[in-house]
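A, B and C are the chain letters, set down in written order, and residue numbers restart from 1 in every chain.
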Amino acid sequence: MPTPLVVSDVAKSFTMHLRDGIKLPVIAGVSFSIKAGECTVLGGPSGAGKSSILKMLYGNYAVDEGQIIVSHEGGLIDLANASPRTVLAVRRQTIGYVSQFLRTVPRVSALDVVAEPLVERGEDREAARGKARALLSQLNLPEKLWALPPATFSGGEQQRVNIARGFITEHPILLLDEPTASLDATNRDVVIELIAAKKAAGVALLGIFHDHDVREAVADRIIDVTAFAPGKLAA
Amino acid sequence: MTDIATYNFAYLDEQTKRMIRRAILKGIAIPGYQVPFASREMPMPYGWGTGGVQVTASIIGPDDVLKVIDQGADDTTNAVSIRAFFKKVANVAVTTDTASATIIQTRHRIPEHPLTAGQVLVYQVPIPEPLRFLEPRETETRKMHALEEYGLMHVKLYEDIAKHGRIATTYAYPVKVEGRYVMDPSPTPKFDNPKMHRSPALQLFGAGREKRIYAVPPFTDVVSLDFEDHPFEVQTFDQPCALCAAENVYLDEVILDDHGGHMFVCSDTDHCEKRREEGHRGHLAPEIHLASEKMEPAQ
Amino acid sequence: MTDEPLLRVSALSKFYGSRVGCDNVSFDLWPGEVLAVVGESGSGKTTLLNCLSTRLLPSSGTASYRMRDGQFRELYRMSEAERRFLMRTDWGFVHQNPADGLRMTVSAGANVGERLMAVGDRHYGKIRATAVDWLSRVEIEQDRIDDEPRAFSGGMRQRLQIARNLVTGPRLVFMDEPTGGLDVSVQARLLDLLRGLVTDLGLAAIVVTHDLAVARLLSQRMMVMKDGRVVESGLTDRVLDDPRAPYTQLLVSSILQV
């Protein structure tokens, strides 16, 4: 089974310059890999650094130490030291990401928010909208909302738009940051189905799920993040 | 005759004339390019043709025959004064006859009678810069000329069509000279623009207040700017001259009374009189033949 | 992905006497990329923009631009005629104050058409049709085509300025605080419009702004400037979500939350 993403010895800390430069270590010695067709889940209590790991893998947080090797367009790239342009290319082609919250853009309709990643990858706009419609209806987002910008949607509605946007592409790696947090049981089940479909398609998934049932349903493997606590390394 | 001795020939001193001739030569060498020159105070106000007078004064010789027209007429105040001026300060022959003049100073018109090689047409120019009304900065307009950036000229014509459905500019209609410089032909009606194109006469332009001289040498291309779908056209008149029945000439409207009576007559008075002498009659032509002085001999 | 950048900037500095305008700025810009330059007033971001757009000559450093024929040309070694031609064909410049970028006394249609006429278009009907098309793309009603921008609102003027710049299909657009001085709702509309145009046309853009929200919405990459120097640069969301330089942290923590 291919391993499209290998993380080795990654460390991250925040330096708070506005607080006299105090350094807050977040995580250290992070090493793991994820496999195609599997859903790997990051486990551990809040504040253990699960989200920080996902954000580093997506290039959203800078990496202090270590390597994040991604298989991208037939080659291997170290995301920890990649140029912004390379990170953008990896995001476009290789790594998808469903964040906890949707960042809305003024005046862009929910349908176009969902279709956008496909359009960015060069797909025809109407074809992309077609796929977006299918996903939004699968996620039970009322059709009357599709043409509206999601800024005024409820938390659950926004999250479903966000999920659709993340799942619409065929990225070989998909990062999920609590995608089911504000969903009801029905829609949680839809997300579980979507994840199963991705696994079947050979996508390597890495996620954070606080919901016990969802985690049980999707996880092939659980990585305990507490093992990467900065103090542990010294011990 | 004694009073003439108090003036240098043609009023300007020889140094000034040389300076202006240099500007004229440069202008001829770069057709359509505005050459700056040190314009002198003349014994007449700006706007009365000080630029044209300086050019004429610099090129005129004792054997020249001078004609001066204002709005096509030889008998208006401005034309009469300038003619009298040169008669006094240069003692040259003056005429109203286009064909026999060697230098024709003009404001607004090019004579209807075709000009010939050897003649010089001197224009009095109020505002030499065709880009002025769109771009007020002189530094910028000079740069635009230098770099041949003339898109702005078409912006003006575009605005005309957008507002009036056609190019409504009827005088001072911009032209491109020898495929290079865009030039303002001074406030001549666009009717006269085609006469500038490949004219056998030398055309000189003087702007006294703006201190610019420019030139169109004989047989130079002078093309009026336009759009492919709105080509340049001259004015047409739906009736002939009321006095001499001439067609395809530029007509002026003359008010006859205060009851709305009016007629359209040749703006070129010399042309009109010649035709009437030849026996042409318009529908309002008076019965009595006008005896006009043709050639005023030199004193 | 194109292999070569559109613009290569190396060690660009501009000094005003002993004062620093911008100091030792280097970066590459690729086709289709939007780079935001942020910082407070006096940080040198506008000086940098003016140097890059050749409106100002730098004291030292180089910038080379990949022309349409694929050849790189050194911007500061080009003749003025070439630079001005580049500026009205392959580049755009959107000023903060639309009055600086528009001809306020000619109609909206002529404002859009001017660049076309400047490059030799001589067919009134086609020029006007293109102007109509561009006005609709920037959401200005067709019946305003013969009105002068003096009669337009601030937001409309800014949209007209954008149309005027984009009509020749430029590959690089410089923007100086494009949403400055506009109401929030007008700003949102303009940002959305810009975002759409940049994506649809594959434009590269360098946007100077002090507004981090504008940077987040429009750009993929950003540079943070302070006292003429680049203190931090990188992916826009990385710089904003994980600011590393002390000044960037101060900027990010100063954003007002709604």
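The rule is short, and it goes like this: contacts are C-beta pairs under 8 Å (C-beta built on N, C-alpha and C of every residue); 3 or more make two chains touch, one makes a residue touch a chain.
The shown structure was predicted, so the numbers you read here are calculated from the model rather than taken from an experiment.
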Graph class of chain-chain contacts, one of line, ring, star, complete, other: line
Most remote chain, CA-based centroid, reference being chain A: B
Chain closest to the middle, measuring from C-alpha centroids that were averaged per chain: C
Whole-Å gap separating chain B and chain C, where each centre is the average of the chain's CA atoms: 47
Whole-Å gap separating chain A and chain B, where each centre is the average of the chain's CA atoms: 78
Chain A and chain C, separation of their C-alpha mean positions in angstrom: 32
Multi-partner residues of chain C (at least 2 other chains): none
Chain B contact footprint on chain C (complex, rising order): 80-81, 84, 88, 103, 106-107, 109-110, 113-115, 117-119, 122-125, 127-128, 145-146
Contact set on chain A toward chain C in their complex: 14-18, 21, 55, 59-62, 84-85, 87-89, 105-108, 119-120
Chain A-touching residues of chain C, taken from the complex the two chains share: 1, 30, 33, 188-189, 191-192, 195, 199, 217, 220-221, 234-235, 237-238, 241-242, 244-246, 249-250, 253
Chain B residues touching chain C - in the complex, by the definition given at the top: 134, 143, 147, 149-152, 154-155, 158-159, 161-163, 226-230
